[in-house]
Amino acid sequence: MNLIEEFNAYRAKMNDKILGEDNLVIKRFFNLDTNTYAAGELDVKTKEMIGLACSMVLRCDDCIKYHLGKSHEAGLKKEEIFEVFSIALVIGGSIVIPHLRRAVEYWEELTNH
Amino acid sequence: MNLIEEFNAYRAKMNDKILGEDNLVIKRFFNLDTNTYAAGELDVKTKEMIGLACSMVLRCDDCIKYHLGKSHEAGLKKEEIFEVFSIALVIGGSIVIPHLRRAVEYWEELTNH
Amino acid sequence: MNLIEEFNAYRAKMNDKILGEDNLVIKRFFNLDTNTYAAGELDVKTKEMIGLACSMVLRCDDCIKYHLGKSHEAGLKKEEIFEVFSIALVIGGSIVIPHLRRAVEYWEELTNH
Amino acid sequence: MNLIEEFNAYRAKMNDKILGEDNLVIKRFFNLDTNTYAAGELDVKTKEMIGLACSMVLRCDDCIKYHLGKSHEAGLKKEEIFEVFSIALVIGGSIVIPHLRRAVEYWEELTNH
Amino acid sequence: MNLIEEFNAYRAKMNDKILGEDNLVIKRFFNLDTNTYAAGELDVKTKEMIGLACSMVLRCDDCIKYHLGKSHEAGLKKEEIFEVFSIALVIGGSIVIPHLRRAVEYWEELTNH
Amino acid sequence: MNLIEEFNAYRAKMNDKILGEDNLVIKRFFNLDTNTYAAGELDVKTKEMIGLACSMVLRCDDCIKYHLGKSHEAGLKKEEIFEVFSIALVIGGSIVIPHLRRAVEYWEELTNH
């Protein structure tokens, strides 16, 4: 199983368990999170780039994978993704680099899929 | 070996090595850390819920595992744990979600043990 | 104007402006945030202590002030508050200390009010 | 002196002092930081929104002010800015709220200028 | 009152209040914190530079002021301090810059004192 | 393959891919990052200890591994490394402990190599 399938399968399995619990605050948060990235004043591409950059400066590998997947679906191309990476790197500093390495590996899998 | 045994074995092995070194500041910190969660003005359940929530907003998987184990020992039930999760999620935002997934998986192992 | 009035006045004024805008995600987030601290499986005191500790380890002075105010309203006493402080200090380390100083000053104003 | 003039004056004065020192790494970092936001694969508006969102989730008030100023110069309108705010709020959680309050106040000054 | 006196006076006043409370964990943490920077395998200068750099990447202005004061007492010179700044800037990224500005202002006061 | 070879091989492979892309900001950042740790006003040992401590308080395992490797090459001995660990632990708090465990394991491999 490759990185993408592994990420998606675990994410789907655990989200089902979480939403299967009777906790209204968590359910509403998950719902709100989904709505946040729907097209509005900003288009989906822009929102996904913002989500990706924030995930990088906050150094959350799973969040990076999620937004890379969505960015790929939305049609963002490699040069644009690397420019997002560059902004996140300068803002977040050298501690972003290990996450950049894993992001580049995941993006490569997404585009070779 | 399941998640719980793996976590506990590595933690015990490495803590032994760390405390085996002759560094007084580190030894005293470890001792202080243990004392922090002893019953005092607040009971153990409350302290473990606080430790768990802080570990989630700081996004430290090993800290989450540790406090989930202690919360389970202290007799906290699933509905209470999920309410702690919900507070941490709203405070810390969507970057907490990947840690929530792993926390739910670990809690499930603890309660099926 | 003391610290408490200053904090509350600015918070109320700006929240009004924020909620006066037509952004549904922000409005729903604010609503969710309020609901999070309502009594449920955990009582209000416990939730406020969790909110306070998380605010300290995340080093957010305004969040600390808010939860200190709510903790005071909920009837938490000084010894309990200092035990929450002690947990946050050990988890978050010495960088929490400047926030602890300001928290103690604010708590003092709350209880002298 | 209003918030904008105060921010710009202090920033200019201290940047001059910093760049007046003979530290090559710092000088090169400042230069790289400036280049990062120049139009490339992404336009200036998109880059400023990314910079703004990252500044919010990292909770850096001065960085937020800087990118709000640049976003205003680039012609971003209020509805777009609030959508950036909403993404940062959901990603970063309720600890972003105090920074959101100050951001809204600064944006108001920028647009009333 | 200048920046240095203001910082030291507030720090001393609040530390007295904190240590005047009967919370043993907090007292022991403060004691441990002091011991950490005593000469041992590493000399005081090296420890203060480490404390300063960590304070910068964690973006804690009061911690930066404290370690700048101690670094000045220990005899570190401006070129060394700026090299510590440069390491912290590259590790922590552009969000360190606002803290760097305030650090340079405080260092200037320390050396003009 | 041990921890050291695994870390170095992945790091080298991904850095090649990243630098193989035509993104000037990223290339310049990587170059600046390398220059930061060259001997200047401070010697290499001091710079590596600073890099190590910052990596620990920022909780970046790969950054810790990198600076442990460089610290070992520079001739730092175990007692010095543990004193750096102790400073990072007190500054960053108990959330540093899981990273300390992995750091001690990696250091052990470096010195048994």
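Per-chain residue numbering starts at 1, and chain names A, B, C, D, E and F are given in the order in which the chains are listed.
Going forward, contacts are C-beta pairs under 8 Å (C-beta built on N, C-alpha and C of every residue); 3 or more make two chains touch, one makes a residue touch a chain.
These figures come from a predicted structure and were not determined experimentally.
Contacts with chain B and chain F are shared by A, C, D, E. Comparing mean CA positions across the assembly, the chain most remote from chain E is A.
Between B-E and A-E, more C-beta contact pairs are found at A-E. Interface of chain C with chain D: the two copies contact each other largely through different residue positions, with under half of all numbers used appearing on both sides.
For chain B, the chain with the farthest CA centroid is D. Chain geometry summary: the mean Cα position of chain A and that of chain C are 30 Å apart.
One finds 36 Å separating the Cα centroids of chain C and chain F.
Averaged Cα coordinates give chain A a centre that lies 26 Å from the centre of chain B. Within chain A, contacts with two or more other chains are made by residues 25, 29, 32-33, 36, 55, 57-58, 63, 79, 82-83, 86-87, 89-92, 94-95. Interchain contacts join each chain to each other chain, per the touch definition above. Interface of chain B with chain F (complex): residues 10-11, 14-15, 17-18, 21-23, 25-26, 29-30, 33, 55, 58, 60-63. Of all the residues in chain C, the ones that touch chain B in their complex are 32-33, 36-37, 40-42, 46-47, 49-51, 53-55, 57-58, 63, 79-80, 82-84, 86-88, 90-92. Residue ranges of chain C in contact with chain E, taken from their complex: 59, 78-79, 82-83, 85-87, 89-90, 94-95, 97-98, 100-102, 104-105, 108. Contacts from chain A toward chain C in the complex involve residues 24-25, 28-29, 32, 35-36. Put simply, chain A touches chain E in their complex at residues 57, 89-96.
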